[in-house]
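The same subunit A turns up in both complexes below, where it pairs with subunit B and then with subunit C.
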Partner chain A sequence: MNHPATAAPSILRRLPFSTTALAWLAVPCLIALPFLGLSEYAIGIFTLGLFFAVYAMGWDLLFGYAGEPNFGATFLIGVGAYTAAMLNSNGIAPPWICVIAGSVMSVIAGVLLALPALRLRGPYFGLVTLVAVLILRQLIILFSHQTGGEIGIAVPDVLTLSAVANYEIALACAIVSAIMIVLVARSPFGLILQAVGQDPLNAQAMGFSIVKYKLAAFCYSAFFSGLAGALMTFYMGTASLNVFVDASVGVQIIIAAIIGGRRTIIGPAIGGVFLVVLGEYMRPFGRLSELIVAVIALLVLLFLPNGLLGLLKLKRSAR
Partner chain B sequence: MLLKATDLHKRFGGLQAVSGVNLTVGEREIVGLIGPNGSGKSTLLSLLMGIHRIDGGTVRIGETDITGWPPHRIARSGMSMMFQHSRPLLQQTVLENVLLALLPDSMLNFRFSEELRGRARAILGQVHLTEVADRLPGELAFADLRRLELAKTLAAHPKLMLLDEPFAGLSATEVREFSTLIRTMRDEGRSVILVDHNVKGVHALVDRMVAMSSGAKIADDRPDRVLADEQVRRVYLGSGASGTAVAASQTSSAPILEVADLTVRYGKACALDKVSLTARQGEVTAIVGLNGAGKSTLFHAVCRLVRSTGSVHFDGHAIADNTAQIARSGVVLCPEKRELFGDMTVFENLRIGGSHLPVADFRQRIDFVETLFPRLAERRKQNARTLSGGEQQQLAIGRALMMKPKLLLIDEPTLGLAPVVLDLISETIEKLRASGELSLFIAEQNITFALRHANSIHLLEQGQIVWSGPTHRFVDEVGHKVL
Partner chain C sequence: MLVQLLISGFLISAIYALATTGFTLLYGVSGILNLAHGTTLVTAGIVAWYVAGLTSFGPLQIIVAGVTSGVVVGLLTYALIVRPIQRLEGLSEADEHVFMLVGTLLWTIILQEILANVFGDVPVSVPQIVSGVVNIFGVRTPISSLMVAAISWGLLGALWLYVGFTKSGRSLLAASINPRGLVLCGFNLTMIHQVVWIIYGLLAGVAGVLIAMVHGVSPSGGLELTATAFSIVILGGLGSVTGSLIAANIIGFIETATAYLVGPSLRSLPSLIILVAVLYFRPQGLFGRR
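Coming up: the complex of A and B.
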C-alpha cells in the first residue's frame, strides 16, 4: 500500500485538551461575573442569555448531531414554562417541584410529538415541530381561563429576589446542561447519533435502530429546554406566549446555534448569550436591531457555515 | 445453506425491478452478481438487507426467516453491507469510525471500553489501515476510504457480507489487493455476495456467478459457464456477431466535436484521464465501456456540467462556458436518466424543449419530432410518467431534438429497456442519421447496439481511452477484451 508518508501522530485530535481546559477556566470567571461591578440590569440580561444558551445547546444536539432541524424549540420550552406556571399559580406545588414537573412534562410532550414525527423523512420533521408550536399557542389561547391566554399567567412565588442569586441559578442550569449534553455528545451514543444524522441508511445497516436514537436525543433536548423554560418563568414572574411559545423565538434560538457553531454544543451556548446581549445593546435602534441581528446571521450562514466555534476547529485541522 | 432467498419480487411504480429471483449462498462462498446497469443487482442487495420492503418472496438466514425485518435487525443477525456510496464521519478519526460500527445497539453505553478499541485496531490491521488509524477520513486516499468501508462492514462479525461495487474507482493494482482481502474474508469462514460491473475482476475471484437482466435471474453457475452462456453473452456482453449494420461508408467528414486532454476528478477519484477524441459531422460516434468507466462524465464535461481541465471544440470553436449557452449553440445532451417531467404531458415536455423557438419554427419542429416518433403524436396528452420505457426514451430524444441540436449526445439510449424495445431505439437512431440534420454521439455499455449504429467507436476503461477506430475494426482488435 502506498499510504501518504506516515506523518507524526495525528495533530488532529478531535477533542484537543485545550478546549476542555478553556471551558473549565471559563467557569470561575462566569461565577465571578456579577461581582465585577455590573449593574443589576446588566446581570439580568446575562441571566436571560444563559437560559437562551441552554435552549441553543438543546437545539444543537438535535440538529448538529441527530440532523433533525427542530423549528419548534419553543414548543418544548413552552410546555415546561406553562406547566411550572400553572402548577404554581394554582398553588399546587412550590417552585422547585414546579421546575422539575416542567422538565418532565416537556419530555412527555416531546415524546408524544416526536414518536409520530420522527418516522417522517426529509424536511417533514421540521415542519411538524413548527406546527406543534402553533397548536400549543392556540390551545393556550383557547383555554385562557386556565392559562391566562394571550395575557399570560403570573407566578406568585419566586426562587429568589436577588439578581445575583438568579444569575447563579441560571448559570448552574447552563453549566449542568452543558456538561450533560457534551458528555452525551462525546459518548458512543453521540457517535451513533451523528452517524444516524449523516447517513441514516448506513447507520441502519450497521445495526442501529435510528428512530430510537433520534427519540432519545429529542427527549434529552426536551428535558433541558423544559428545565430552562420553567426556571426562566420563575425568574420573569410570568409565562407569556410571546416569550415562551413563539415560532420567532424559535428562530432566534436557531440563529444563536448557527452563529455559535453547529455540532459544537458550547458554540451555540456562546451564541445564545451573545445574541441576547447584542439584542439588548442595540435596543435603542428599535426595529433596526432585529434587522442587524438577521444580517449578522445571514453573513455567518453564507461565509462561516460552521459558525464561530466551527471556524476555530477548522483552523486547527488545517494546521 | 447460509442464505436462501426465494421468489423475490420488487416493484417501483411501473418498473418491475426484481421479479421472481431465487438466490442461495452457501458457507464460505463468494457469489458474484453481474448484469447490465438497471438489471436489478443493487435492488436485490437492498432487498436482502431490508432497505427496501420486499413485495413478494422470502429471505432466510440459516433457519431464521428474516423477511420484512428492518435493516438494523438484519444487521444484527449476521448480514452486513458495504454501500457503493457511503461517507464516513468526517470529524471522527478512522479508528472512531470503526468503533462506531462495533458499538452495540444500546443507548446506555456512555464510554468506549479498551476492549472495543482493541477490536477496532485489530480490524484496521486486517484491512491494512493501522498506520492511518488516528487520521481523519478526509486525509485518506480513495482506496483507503474503501478499505475503511470494508472495515466497518467487518466490524459486525458478519457471516454474510454484501459488497456493492467494491472495486468501483480502484486502479488495477488496488483491485488485486482488494480481491486478496475478500478472499481472506472467505478463509475466515465468511460468505460474500459482491456486485460488480467489472466482470473480469469478478471472474477470478468468485466461486459462483449469478447473472441478472431486467430484474430476472438468467444464469447461476460456475463463472466460466456463466460467461459462456448464450443468453448472458447476449444481454450483457453483446453477441459480437452483428457488427455489420453500418454501411462501410468511411467518409471522413469534418470534425464537429474535438476533445483534447479532458480530465475530470471527483474528489480523489480520477473519473476521466486526459481523454482526447473526435466526433465527425453527420456520423454516429459511440463511446463504449463498462458502467463507471467515465462515459457519462465525458458527456457532462463536454456540456460543462462538471468541472474539467483540457479543451473542447465544437464546430471549430472553443465550446461556450456555461451549460445553457452550450445547449443554445447546438450541443444538446439527452441524459441517462431521461429527466422527463413526469407529471407533464408529452406535448408539454416537448414544448419545454422548444420554448426558445419562434412560433413558426416551433410548429415545424413539433412536426419533425412527431413525424419521427408517431407514438408521441398519438400520446400527446398523456402524462410522461405513464409512458413505457421505450416511449419515454423517444420522448427524451424528442425533447432534445426540439432544441435544434447540431450534435446530440445520448447517454445510454438503451438503458433499462427490454430487448424488444431495443429495435425501437435502433430505428430511432437510424431515422436521425437519415434525416441528415445532425450528428450523434452515443454512450453505450451495450456494445452490440453501438456496433450496429456507430461509424466510429471509442473504448473507455477506467477514465482512459484505450482504443479508438472505425467500427469494422473493433471486433477484431479489441473484441476479446470486452465481448
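Coming up: the complex of A and C.
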C-alpha cells in the first residue's frame, strides 16, 4: 500500500472527514459569501450556479440511484418554470403561489416521464427523455400566444430586488434540496432504489415494486427541479426556451454531475456551481468559450470518469 | 398537388434513407449511438461547399472532398471519443451508455464550434450538380434533385450488395448478430469496427453533400439532423437497415405532407409524436430485434 502516488496526500487520508462533514462546514461559508465584498454581478453568477446545483442533484438521484439516464432534465425544469411564468404573467397568482404551482406541475411532468422509464431500458429511455424536451419546445412554439413562443415570457413580479436576498433564497433552495435528497438517498428507500436500478429482476423477485419506487424517484427529483426552475424564473425575470427547455442545457446538467462525481449527490451540486462559474469565466473568449468548456468537460469525462468526489472516495478506499 | 407531394416526398425520403443508414449500421454492428451524426453530415456538406467555392472544381471533386471529410470525422470520432470511453475501467453498462451519449454530444459541440469559427456560422449550400428541370405529370422538378435520389438509392443498393455478397460485408453482418462467435472464428473484431466506421464516414459524407445540395446546411443545424435520424431509426427499429429504409420513407412523406398541408414550421412535430407513440407501444420499432 506504500505506493508513492497514494502516499503523497497523507494528511488527506488521516483526517477523519467525511463528505457530509465537509458539506456542513461549507454551509456557513456559503451563507457568508455575499458579505465578503463580492460584486453584485459575481453574487448573481453564484445564484445561477446554486440553481444549477439543484438541477444536477435531481439528475443524480435519477441516474445514480434509480439508474435512469435522463437526458431531459430540462423537461421537468421547463414545466416548472413555464407554469410559474404563465400564472404570474396573467396576474393569476402571486410569486410564491406560482413557485409552488410550478413544483407541483413538475411532479406531474415527472410522472409522465416515468411512464416510459417503466417499459424501456438504458439508451432507449435516454432517447425518450431527449424527445420529450423537443416536443415540449415545439408545443411552446405552437401555443406562442400563451407562452411567448421563441421570445419567452416575462414575469411582472419579483421575489426581491436585492442581489444578496436572491442569493440567499437560491442557497436556501439548494441546501434544503441537498438535505432532502441526501436523506432519501441514504435511507432504506434509497438502497431499494439502487437495487431496483441495478438489478430490476432480482429486486422484483425480492418483492419490491419497481413501478412504485421508480415513480417515487421521478416525482421526488421532479419536485426539486421544478422548484428551482420556478425560483430561477422569478430571479431572471423571464422564462425562455434557450434557458429552460433546451436539450443542451440538459447535457450541461449531466456534465456537471459527472464532473462532481456520480452517485454522491453533493458532488453534482459542486459540479453545477463549478460549471456555471467556469462558463462565466470563459465569457471573454466569446464564441470560443463554448468550445473550451466542451473540451474541458470531455477531458474530465475521459480522464476523471468518477469526478471530483470520486477521486476523494478512491483515496479513502486505498487506505 | 398530390403529384407534387409524392415527388417531393420521394426525393426527401431518398436522402433521409441514405443519411440514416450509416447511423443504423453503426448501432447494429458496434452498439454505438453516435449523437455527432448530424454534425458529421454538416461537416461533409460545409467542406464540399468550401471546395466548390475555391476554384472551378468539377462536381466529382466536390463530392470526393465532402466524402473524405466525412470519413476523417468518422475515424476521429472513433479514435478520440468511442475508443477511449470503451477502454475506461470500472464503468457499468449503464454508465458506459451515458458516457458514450454525453461524449458524442460534447464532440458535436466541439465540431460545431470549430466549423462556426473556421467557416462562419451561416447556412451554406453546394451548387447543383446539373442544371435544368423536367416536367413530371405537370410538376417541374429539377434534374439535379432526381440525380440526388438516384445517387442515394444507387449507394444503398451498393451497400446491400456489399453486406450480402462479399466476405468482409458478411463479417459485418455476423458482428451485429454474434460478435463473440465471430471472434471465435478468428476474425479481428477491432478491425471490423474500424471498417464499419469507414463505411459510416463514406455514407455520412455522401449524404452530407447531398443534403447541402438540396437543403443547405449550417454548423448549428447538426443536432436537428441527428434528431431526424433518431426518429427514423427508432421507428424502423434500432440496428435494422431494412427497417430504417422503410421508416425513412414514412417519415419523409409525413413531413412533406405536414409542410404542405399544415405549415412548414410544424414539419417535425408529427414525426416526434409518432416517435413517442412507437416508443410507448412498440419500443423495438417496426423491424427491430431486442
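Note that in this section the second predicted complex is superposed on the first by the 299 of 319 C-alpha atoms of A that agree within 3 Å, B and C clash if a C-alpha of one lies under 4 Å from a C-alpha of the other, contacts with A are read in each partner's own complex, and residues count from 1 in each chain.
Here is the rule we go by: a contact is a pair of C-beta atoms (placed from the backbone, for glycine too) under 8 Å apart; a residue touches a chain by one contact, two chains touch by 3 or more.
None of the values given here were measured: they were computed from a predicted structure.
Based on the superposed arrangement, let me know which partner A:Leu120 touches: subunit B (first), subunit C (second), both, or neither?
Only subunit C; A:Leu120 stays clear of subunit B.
Return first, second, both or neither, reflecting whether A:Phe63 touches subunit B, subunit C, both chains, or no partner chain.
Second partner only.
Should A:Ala154 be classified as contacting the first partner (subunit B), the second (subunit C), both, or neither?
neither
Using the touch definition from the top, say if A:Leu33 reaches subunit B (first), subunit C (second), both or neither.
neither
Considering only touches as defined above, state whether A:Leu304 meets subunit B (first), subunit C (second), both or neither.
A:Leu304 contacts neither subunit B nor subunit C.
In the superposed arrangement, which partner chain does A:Val131 touch: subunit B (first), subunit C (second), both, or neither?
The answer is second: A:Val131 touches subunit C but not subunit B.
Considering only the touch criterion stated at the top, classify A:Ala294 as touching first (subunit B), second (subunit C), both, or neither.
After superposition on chain A, A:Ala294 lies in contact with subunit C alone.
Between subunit B and subunit C, whom does A:Val104 touch in the aligned arrangement: first, second, both, or neither?
neither
Indicate the residue numbers of subunit A shared between its subunit B interface and its subunit C interface, in ascending order.
198
Spell out the part of subunit B that touches subunit A in their complex, as residue ranges.
Residues of subunit B touching subunit A: 49, 51, 70-73, 75-76, 80-81, 83, 86-87, 89, 91-93, 96, 99-101, 103, 105, 107, 109-112, 128, 131-132, 134-136, 139, 141, 143-144, 152, 155-156, 177.
Show which residues of subunit C lie in contact with subunit A when the two form their complex.
My answer: residues 33, 81, 84-85, 88, 90-95, 97-99, 101-103, 105-107, 109-110, 113-114, 116-117, 223, 227, 230-231, 234, 238, 265-266, 268-269, 272-273, 275-276, 279-280, 283.
In their shared complex, at which residues does subunit A touch subunit C?
Going through subunit A, the ones touching subunit C are 63, 67, 69, 71, 115-116, 119-120, 122-124, 126-128, 130-132, 134-135, 138, 141-142, 197-198, 247-248, 251, 254-255, 258, 262, 287-288, 290-291, 294-295, 297-298, 301-302, 305-306.
Using the touch rule from the top, collect the residues of subunit A that touch subunit B in their complex.
On the subunit A side, the touching residues are 1-4, 6, 9-10, 12, 14, 183-184, 187-189, 191-192, 194-195, 198-199, 201-202, 204-210, 212-213, 216, 263, 313, 317.
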